[in-house]
Structure formats: C-alpha cells, structure tokens
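Below: one structure in structure tokens.
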C-alpha cells in the first residue's frame, strides 16, 4: 500500500516544503510537480484497487473501496489541474500585487495541506479521523479564502470558519453518538469507529441512537455540503477567495463532505430499516436545488453565482442519493464526477475572465468572445455544460436522476422542473451577456496564453466524454459503489 | 464507590450546565473567558473521575490535554487578545438576556427529553449526563447566536467543543486516542487562526462587533 | 373517358364561355328595368368585349410580366371552374380532377393572382383593392366551403358530380340544412361576384370600389379577358347554386337526349336566377366596407349552422 | 471496419444514413480546421453538405417501405448504448430533413458572407452539427440518445441564431429560445421517465412493450405535449419562435422553420402513436384544440406583421397548428378504432410536414436573398423587387402560392386531405365530437384563407409595386448557388403538388406502422387522381387540374393572338389626377394589416398612436404585442423575480442569523427524527 502512503504523504510533505519555499518563484512549478506526483500515486492506487479489490492499510486505519478510490482519483486529478491553472494565474496575481511572497507561501502550503486533508478524509477508515480531516480541511481552506486579506475576504473567511466550525461540531456529536452505539456491539476496543466494522454490524446498531446520530451528522456534514439553509458560508467563501480555491472548494471539498454524509447514510439505512435518511436527504436536497435556483437570479458577482450553482448541484446529488436505488446512486456518483470537473473548469474560465476584466462584477464583463475566443468559448461551454446541456456529462446524470425521480418520487419532479428552469434562465442570461456582444474590456488587459486554457478544455473534454461514453472500468466503479450504497 | 463516583460525575455535569447558563447570562467578555476556563476545569475533573472509575488510562491523557489546552493555553490566549484589542464589554446582546435564559431553559428540557431514551442504553457510568452534554451544546449554540462580539462568539464555539468532549466522556469512555489527539490539534490550530483573524478583523473593520461584518449579502 | 363525356365536357365549357356574358347582360338589363332605367341591350357585354379586344393595351411602365400574365391565368381558372361544375351533365371527364374543395381552391387561385397583379403597379388604388379583395376572400372562402360541406354531408362526397347526382335523386323533401346553406351561399355569391351590397359593379367611386380598383390599370385585351372571366365567375357561381339547390334537369351518364334537354333547362334556370340576382341588387343598398366582414361572418355562421342542423336533425 | 461491414449487411439503409450523418460531422470538423478560409468553406464544404443531404434523402426514401432496421453504437451510458432505428416514420422525417437540407445547404453556400459575427468555420461546424443532430433525433431509438441529440440540436441552432451576437435583440432572442427549449427538454425527459415505467431500461423498444395505465400514459402524453410543444411553438409556448427565427441567418431560419419544428412533430407522433400506442380520445381533442388555437393565432399574427421574417415565423406557428390539428384528428379516430380515417388524417399531417418544409424553407431563403440585396427586413421599406431580383421573385412566388394553400401546389394537397378527413367525422360514436368537428373544419378553412391573405401581403409588399426606398433599385439578384438552392426547393413544392398519389402512397408505410392501416392500395388504383377512399367520394387530380388551367390559358392566349392585334403601349400608371404620387404612398404593410387588426382586435395587445386633424406633424404608429407575453410570461417572470427577491432576504449577511438558521434546522431535524 505504498501507493496510498505516497498519495497521502506527498501532499503532506509538499505542505511542509512549500511552507519553506512557497514564496520563491519556482514554488508554482513545485506545486504542479507535487500535485502531479500525488495524481500519479493515486492512479497507481486506483489500479491496485481495481485489480485486487477493496483493501486495508496500516492495520485497518485506511480502507479503500470503489466508492472512495474513485473520489481519490478525482480529487488528485482536479488537484493537479487546479495547480496547473494556478501557475499562470498566481503569476498574474503577483504581478498585480494582490499576492505578496508571504501570501504565496501560505497559499502554496495550504493548497498542499488541503489536498492532503481531503485525501485523508477519503481514505481513512475511522469515522473520527474522517471528522478530524474534514475539520482540518476547513481550517486549511479558511486560510486560503482569507489569503487576499481584504475586508471582504476576511469577512467571508470568518463566516466560513464559524458556520462550518459550528456545523461540523454537530457532526462530532453525531460521531460520538455513533461511537456510543457501536461500542455496545463492538466493545470499547476493537476499533468501534472503524467504518468497515460498523458496516459489518450495522443492522445490530441501536436504532434510537443511530437516529439521533444521523440527525447530528446530517446537520454537520450537510453544512459542509452546502445544503440550504446551512449553506450561507458557501457563496461568500467562493466569491472572495482566490479562484483556484473556489475551484477546489466547489469541485472537491463539497464532494468529500457529501462522501462523508454517504458513509453515514449507509450505516443509518442499515440500522434503521426506515427511509429516514433518504427522506431527509431528498427533502433538503430538493430545498437546496429550489432555493439556490432562485438565488441564482439575483447575482451580480460571477463567482458568487457559480457558488450558488454549486449549491444547486450538491442539492441535486443529495436528492439523487436520497432517492436511492442502483440507478439514482449511479447517477449521483456520475454527477459528483462531472460536477467537479465542469465546475472547476468554469472557475478556471471565470478566473481568466476576472483577471482579464479586472472585476468580478458581471455587468462589467462583456464580450469575452470578442476579446478572446478561447476564453469566450470556455465560459460559454462550461456554463452550458453545468446547466445540463448535452452532450456534457451533467446531462447524463440529470437524465438518470429526473427519469428515476419521475417514477419513484413523482411529487418532486415539478419542483425539479421549476428549479432547473429557473437556474437555466438565471445563469444563462448572465453568461450570454458576458460572452456575447461587443466587448467593454480594456484593450491592453491581461492576456492569457493559449496553454493557460488547457485545464479548462481538458475538464470540458472529460465532461463531454462522460456524456457520451463512460469507460467500462469507470462504469464498474460506479456500479460497485452504487451497489454498496444500497437503496 | 461506584455510586459515589457516579454522583460526583453528575455533580460535575450540573456544574457544567450551570456554567453554560452563566455564560449565556454574562455580558463581560473577561468574565466569559473565566467562566470558560472554569468549564474546562470541570471537564478535566469529570474526565479524570471517569478515568479513575473505569481504569482507562487514555482518559487521563485526554484530561491532561484538556487541562493544557482549555484551561491554560486558550484562556491565556484569549485574555491576551482582548487586552490588546481592548474589548472588555460585550456591550449588548442581540436578544436581551432574560429572553435568552428562558429560551435556554426550553432548550434544556428539549435536550433532556431527547437524550433520555438514549442514555438508558449507554454502558457508561456517566450516562445520565448525556442530556446535559446535549443541553450544553445547544446552549453554546444559542450563545453564539445572541452575541454580537467576535470574541464571545469564539468563546461560545469553544464552549460547544467542551460540551462535546463531555458528551464523549459521558456517553462512552472517550473517543479513541488518535481521534482525541486529532480533535485537540484541530481545536488548537483553529483557535490560533481565529486569534490572528481577530487582529485582522480589527485592523480592517476597526471593531470586533460582528454587526460590522455583514457586507457580503444578497441585496 | 367516353366520347359522350368528351362531348359534354366541351359542350359545358363552350356553353359557359358563350352564355356567361349573356347572363351578365341579362342581369344588367333586369336591374335597369327594376330601377326604372332604360336598359342596355342584352348583347351589350359582347359588344364591350369586342371593343376591348380591338383596343390597344396600355400597360404601366414598370409593370412586371406578372401583370400581363394574370388575365390569362384568371381567365383560364374561371374557364376550368365552369368546366368542373356540372352545368349540363354529370358526365364530366374533368370533374374528378377537382372536387368541391379544389373548386374553392381554384377560385382562391384566381383571386390571389388578380390581387397580386393589382399590387404590381404600386398605385394606392391597386393595393387597396387587393387588400379588400383578399379580405372578402378570406371571409367568403370558408363560408363557401361550409356550404359545399353541407351538401357533401348529405351526399357523403365532396365530388361535385356525386353531390348533384345524389341531390337530384332525392325525393322532394325540404332539407332545413340546405335552406341555411342556400341563404349563406347567396350572400357569399353576392360578395364574391362584386355585387351590391358588398360592391357595386358599376361604380368607379374610389373609396368604395373593390373589383374596379383591382383592375383599374388594365385596358384593352387584358381588361377584356378579365371582364370575361368575371362574367364566367358569375356564371360558375350561378351554376353551383343551381346544381346544389335546384339540381333537376342536369343530364346523367350515357344519355345524349338528356344532354340536349339540359341546355334549355339550364338557360331557363339561369334566367330566373339572373332576375333574382337583379332583384336582390335592387332592394339592397351598398354597405360600408367595414360592414362587409359582419355580412360575411353572418354568411359563415349560417353555413356552419346549416351543417350543424344537418348533423343534429339528419336533414 | 468490421462493425461497419456488419452494419452494412444487416441494416443497409440505416448504415448509409449514419454514414451521411458522419459525413456531415466530418464536413463540420473540416470547417473548424479551416476556420478562416472562407472560399473553401463556401465553395466546397457547403455544396458537399448539400450533396450529402441529397444522398440522405434518397436513402431515406428508399427505406420508407423497407423493414425497420436497428443498430447500436458503443456510445452513451453504460448498459445503454446509443440505439438507432430506421423505420418508416423516421425514414420519412429523415427524407424531409435530407430533401430540405439539400436546397438550403446549396443556398447557404452562396449566402454566408465574409466578416459577419462568428467566423465562417465555426458557422459551418454548427450548421452541419445542427443537421446531424436533427437526423440523429429522428434515428434515435432510446431516450438518452434522443435527448442528447435533441439538446444538441437546440444548442447548435442556438449558436446559429446568435451568429451575429453583437445585436442585443438577437442575443435576447437566442436566450429566450434556448430557455424555452431547455425547459421543454426537461418536460420530454420527464415524459421518458414515465414511459420507462421504472424498468431502468430507456430503449424505445422497452417503452413500446410497457403497458401503462391511463393515468401514467396520460401523464406521459401531457409531458410530451409540453416538451415537444415548446419546441414546435405551440401556443402558449410559441413566444420564442417569432423572435428566434427572424434573428437567425436566413438559411438557418429556413432549417429551423422548415425542418427543426418537424422534429417536434416527429417526437409527438413517436411518443403518442408509437410508444404509447393507444391514444385516449381526449388526447386527440386536446391536440385538436391546441392545434386550432395555435393555427388561428399564428395566421392572424402573421397577417398583422410588418417584418418579413417575423411574418414567416408566425406563419410557421400557423402550420404547426395545422399539423397538430391533423394529428389530433388522427388520435381521435385511432382512439375510436376508425383506423382508415385515422390513416387519412395522419397522411394529411405527414404530407403537410413535407410541403411545409419545402415552401417555408423556400420563403425563408428568399427573404435571405432579399435581406442580402437590400439589408432591409421591414416590409415598409421594400417593394418592387420582382424587377430587380427576378429569380428570387419568381421562385418565391411558387413558395407563396404553396404556402397560401393554392392548387396545384403542395400546400393544397395536405389541406385537401385534412379537410377530407374532417368530413368523415360523423362516423364517430361521440355525438359531441360529431358536432364539434365540422365547425372545426370551418375554422381550418378560415385559417387557410387567412394564410392566403397573409401571403398576398408578403409577396405583394416585397416584390410587387414600386420600390419604397431609393436604394432598392440597386438590389442585385441572388448568386448562382443561391438560385440553385431555391430552384430545388421550388421544384419540391411543385413535385409535392403534382405527384400526390405517388408521395401519399409512400406514406402508407407509416400509417400502417402507426395506425395499422395504409392507404397505399386505395391510392395506387389511380395514378393521376388522388383518391383517398373512393372516386365517387372525393378525388383530386392536380396534373389534370394544372393541364386544364394551362390549356385554358393557352387557348385564350392563342385565340387572342390569332384574332386580335397585339399592340401594347407603355405609359405611366394612372395617377387619379394627382400628379405628385410617390412610392411611399402605396399601401403599406401596416395598411394591409389593418382589416385583420380590426376584425381580430381581441387577439392583439395594440398600442395605437393616431394623428388628429390639427397635428402639425401627424404621425401614425401602431405596435402589436402578444397577449400571452403580457398575461402569462411577464406575470410569471415577475413572480419569479419577486420570489427571488423574497428569498434574498434570507441571506442578509448577519452571521448571527445564519447561526440561527443552523440552529433552527438542527432543532427541527431533531424534532422530526424524534417524531
């Protein structure tokens, strides 16, 4: 399991290294190299799991199964592309004086630490450690969000910290209760918090405790997922942090939080034999989709708008997992993948656009297509993809979710129809105005070279591929993971 | 013996609840920190007692950690912060204090009611106190809602953490060590970050009143 | 196509071509008499056609070929219409090519072309006339179609020959639906043939004219063709009315004798029809153009009611 | 290679059709590669696309009577590869796509000019992607493939519509279009969700095999009606159409109006007749009622328009309404088991699909040529173009006549068939319907007559009269390729008008598939007469008809020539004694719309500015707005905005309030789980 240790160790080492050299000019390249190494290690790890099946490491402290290994790969991949994106991005930010060397050091170090904590949260077998990693990820991102030290970014970071801190504290309470229930079955020793053990005995767990535990865990991790009405930190944090951070927040952190929630749901479903977890997830998922759609209508700040779009999509995934069953679970997992690919791509494009325009206010960004066709198309295609236009993958998952919901939970479909319609109208109205038309951007603004657009198009390409062709091994992962989640 | 220790734990639990109420009622930030320190101390004592009863050595470690962190380090840090930032008073709460206290009582009843059926299932000597831990969490939550100063919000947050620890101790015999260590580390880093933030907030907003940091909103 | 069929077809068309101006003259004569004026000769329309054919055509400078083609198209269309309607016999080889719906289509075709020709010159009057003509057309056309449908419902066929055969063979019973249809048809015919109260064929008062405004730019042989076509149209409408409501006397298959007999019967029926038309024109006043839609809407409604009556009462 | 060989062996027609689609995509990609080489794209790629389209039309026509063929591509979702199926219905629509695209592509090769908005290569790519996705929509045999292609179609056409996105109005049109299309697509998606009946198998074969109860079947049908209706422009989902179609470059408008709208008809036919295979009678009634409302609405609005492309767009709405009404009639008859008449109504509908495709495409490309020559879309600034652009003028006349539903052209045949099927209604066992449907026939007749009015206005104002602007005299005729494209489309209109027996006979394979009865045998009995039932009942022989008219004309001409002199003098038109007439004094488009506005006043939301006698600068202005826009869309938009405003209040930036939300949520969830 050296691959696993490498996957976790490289970013940890990277965090320390960058803490020392992160302000130097070559730190950006090191960042890319570290992320690439992590991604390589994750690939090797994936290959192991795919060929040899689920595995433990470090005496059951880590457990890799299809559900998390696919998220590990995804995380490492998006981590890598974001690092590639952030290389020229941060150079320009430094040029503009927004990033000073100390801030760069903090940024690079925390970026690696953040990757490390997320990978840890995904791979750990211990529900307690999962909590610890989630909290650590919060801390790392709080620093990342506040890195510009502006009033707005401080405010956002403060809210992020307090709201997520309080939220996740509830998850800790839930974990304690979970431990309490497990202890009665497994005993105080013997790793009562290890997920594999819990999963094995889940039918014997006490329903009363588990019910309460899930309520707390749901509130806790739900806060990090960004479920309405626990979502309030999310738009602020996305809008005020550096764009690469927005990309990984939306693309990765939310996924990991949802992953934690899913693990809890599996246990709860096993223990309760009632659809409590499903109902909660469906209800809050739907509420999130609907509310976020209406929030989207009033946005003026481009990053804030896409942050709400993330809430909408996380709501949709939560709803899908709530519906359950092989098809909806499959769709949820697929949606997780494509959403992180496409949403991070959008944030990359947004990053380029805001650097080009020098503002995040959408009314001041016009005619991107004229200013730079590559940028205009990336923005346009990204937005269309995230809005569920085929042949991009988001459509594939929305297709499965909606068609399944139509027969399983028909009451929800009018809301989904309304929400998806409103969201489309809201986002597309803005994006079209930003991309089309005559430009108002300064002629001599920051110009990005063609290679700078590579991560965007790579993500869009992958998202496109998942819409019309899902490779068999990926399909197999999804199926195994969906089956594991049961229904 | 067992019974006496049980009563001792119940006593500590009651003290914890009382302190929570006291924090809810307290306007002065300095006193708030002191109360928080006391809460930490109570937690240490409770943990130690449970450790003695159950002969679980890692509970001692946990108690020591708590002592170090929450009785010594964090209060010291907080004191330093408020001295340097010159915030002594939490001038006004967002909801007036009697109302808050009434709400608090409702919450306690709710929490007890919620915890009652579950605590019966616990094998811990301190099982009766799960409700109190839950009540403490909710009270801290309430305090965070009603306070208008960043510092008092942080203290509320920390107090919540304390109650969670107490819950871990009372419902089970403490979480596995690695988890406890992780949590402690998180708390430590968190409070450091918060401390730094408070200075920066002060620098940017000229105030630690959270009513000044509400620029980011939908309009 | 039998020999007799070809004969009767040719006979029908020839009769129409020859009789149409006569019918026009007959109506004019009667109208004059009823209005206490001294009447023009019965042969006046022939004289006018003769005169016009001999005159030189004056065409506007910027008229397109469309303008010059249209008189022929209109004339052709009306001739064909007369050939389709069973006037003398139901043994018409051309009839299967166009049923009642196609007949209405044929009238519409002529109307569209003449309106286009009127717009071609680009004078205010031409376009005005075209607009009014199309206005009357879109109101009259459905009404006419409904009248024909009522008859079709009785005979379960839209083929004109079948309709006439069916109607001619029924016992002498009063079909209330046909009564409604008859009134509607009369109103439509008045409108379609530019008769009082919708239009006045003898007026050149610019603000009220419709048909005359359309053909204002035509002269010489073109005008002759158009006037002839107009009389053919009147003839065709009269024959449709006679075929639907007074179908007796129309010759049926394989009977040369009946065919010979049919001609005088037709002439008599037309003569009576012409007098009725003149009477109608005399007792009515020309209405304002804005009232025309109401007039035609009434016709349309009557036709629909006739149809409903047919379904409801089976009559 | 191996796979394609087996495909060619087992499904020759389908294989060829897919090859055509592939060729289109290839052409599009070539366009992307040669993104700026205008000559190459317009002189090589577009004509090549036209030839490929022709191949598609031929293949599809050959496939009409053939057995259904299926194929799968290893794309799509796992366990759900892209299924394709070529049966009679899809072959027919494929034929329409191919045949119309042949002419439109040919026209487009001469149409696109340098330096307008989107680079030519991207336009070429979008254009051919649009074509390919339309073809694949028709070929798709599973819900996922269908939806992907459906939305690709919407997307590619959206980009084509917004080709000139500098204009704010065009952006607005594009936005509205895509929004409505997307919401409609979600409706279709939900419809498929119903149809798959929780089997998790999205292939059409499975849906066909499902036996749904009336509730779910109706839910599926209504969702399909909503979704496809939004695409087709059925009232009240039509608002995007008169905005988007005029905004697009003309060949694209032609494709959208002529072909793309038909894919919605295809989808509705596929779902209601094929997949749900048992229409309930009230579905037919709904279709009929919606169709009539749409048709009447469309034609009345068309008659009142003053922009030539908007006029045509509304006319498309009208035609979609007619198609829907025909379909509704077919559904009614099918539900009552009167299958032969259902087949007749369906034949009429399908016939109109083709004839509308041809004449609307022809008219739209005609307006494109006019637009290029004059840079003017407003009817009030055109006029007399027949003299300057004889090719465009005369060819457009064919389209105008067909569109007005005049014999002997294509539009009349479908109208004739439709009216015939109305006349057979008294066989229905429902007396209410028996009463209703003849009245409906009257409405159809009215709509057809109004279409004639509209078309006279359209043609007369653009091509006849005197030029209303000086610059019109410099208008140039269309280029050779454009002419060729228009010629093809006009020939299509003529062929459809003159060969109805052959063409309607080919349609019997479809009616056999959908209603179980084909008219082929009845029709084949007489090559020159279109006889749907029995020659005594009704018949129509366009060739005889045309020959009759032509002979009469010829006779008249020869006689006039023979007996009278042919003297002709050119003179200025008669000025009524007022010598100061100008071209601006001709009747205008507004004037032509006046009777319509007056008669159908309640249809419009009118704003009039009338001059009074004492005005020193008299001004007449009338603007027409859509009631639906005002009474449906704006209130909905306002409601949504207001709701968004209300919801924004939730997020007021105060951390205490946010904490309160979390707290309340926590307590609520806790209470919920306790209960």
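The first chain written gets the first letter, and so on, giving A, B, C and D; residue counts start at 1 in each chain.
Note that a contact is a pair of C-beta atoms (placed from the backbone, for glycine too) under 8 Å apart; a residue touches a chain by one contact, two chains touch by 3 or more.
Because the structure is predicted, anything quoted here is derived from the model rather than measured.
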- Task: Counting C-beta pairs in contact, pick out the pair of chains that comes out on top.
- Result: C-D
- Query: From chain C, which chain is the farthest off, judged by mean CA positions?
  - Reply: B
- Query: With chain centres defined as C-alpha means, what is the inter-centre distance between chain B and chain D in Å?
  - Reply: 69
- Message: Report the inter-centroid distance (CA atoms only) between chain A and chain C in whole Å.
- Response: 78
- Distance in whole angstrom between the CA centres of chain A and chain B is 31
- Note on the structure: Taking each chain's mean CA coordinate, chain A and chain D are separated, in whole Å, by 43
- Among the residues of chain D, pick out those that touch two or more other chains and give their numbers. 648, 650-651, 655, 659, 662, 666, 670
- Item | chain C: positions in contact with at least two other chains | none
- Multi-chain contact residues (two or more partners), chain A: 158-159, 162, 166, 170, 212, 235, 295, 298
- Every chain pair meeting the touch definition is listed as A-B, A-D, B-D, C-D
- Spell out the part of chain B that touches chain D in their complex, as residue ranges. 94, 110, 113-114, 138, 141-142, 144-148, 153, 210-211, 213-219
- Task: Show which residues of chain D lie in contact with chain A when the two form their complex.
- Result: 74-79, 82, 143-144, 147-152, 154-155, 162, 165-166, 168, 171, 174-175, 178-179, 182-183, 186-187, 189-190, 192-194, 196-198, 200, 202, 640-641, 643-645, 647-648, 650-651, 655, 658-659, 661-662, 664-666, 669-670, 672-673
- Task: Note which residues of chain B are touching chain A in the complex, please.
- Result: 56, 114, 117-118, 121-123, 134, 137, 141, 144, 150, 153, 157, 160-161, 164, 167-168, 171-173, 175-176, 178-179, 182-183, 185-186, 189-190, 193-194, 197, 200-201, 204-205, 213-216, 218
- Note on the structure: The residues of chain D that touch chain C in their complex are 383-384, 386-387, 393, 397, 401, 404-407, 412, 415-416, 419-420, 423, 426, 434-435, 438-439, 441-443, 445-446, 448-450, 452-453, 455-457, 459-461, 464-466, 529, 535-542, 544-545, 548-557, 560, 563-565, 567-576, 581, 583, 585-587, 591-592, 594-595, 598-599
- Seen from chain A, its contact residues with chain B in the complex are 126, 128-129, 131-133, 135-136, 139, 142-143, 146, 149-152, 154-159, 161-162, 165-166, 169-170, 172-173, 175-177, 179-181, 183-184, 188, 191-193, 206, 208-209, 212, 235-236, 239-240, 295, 298
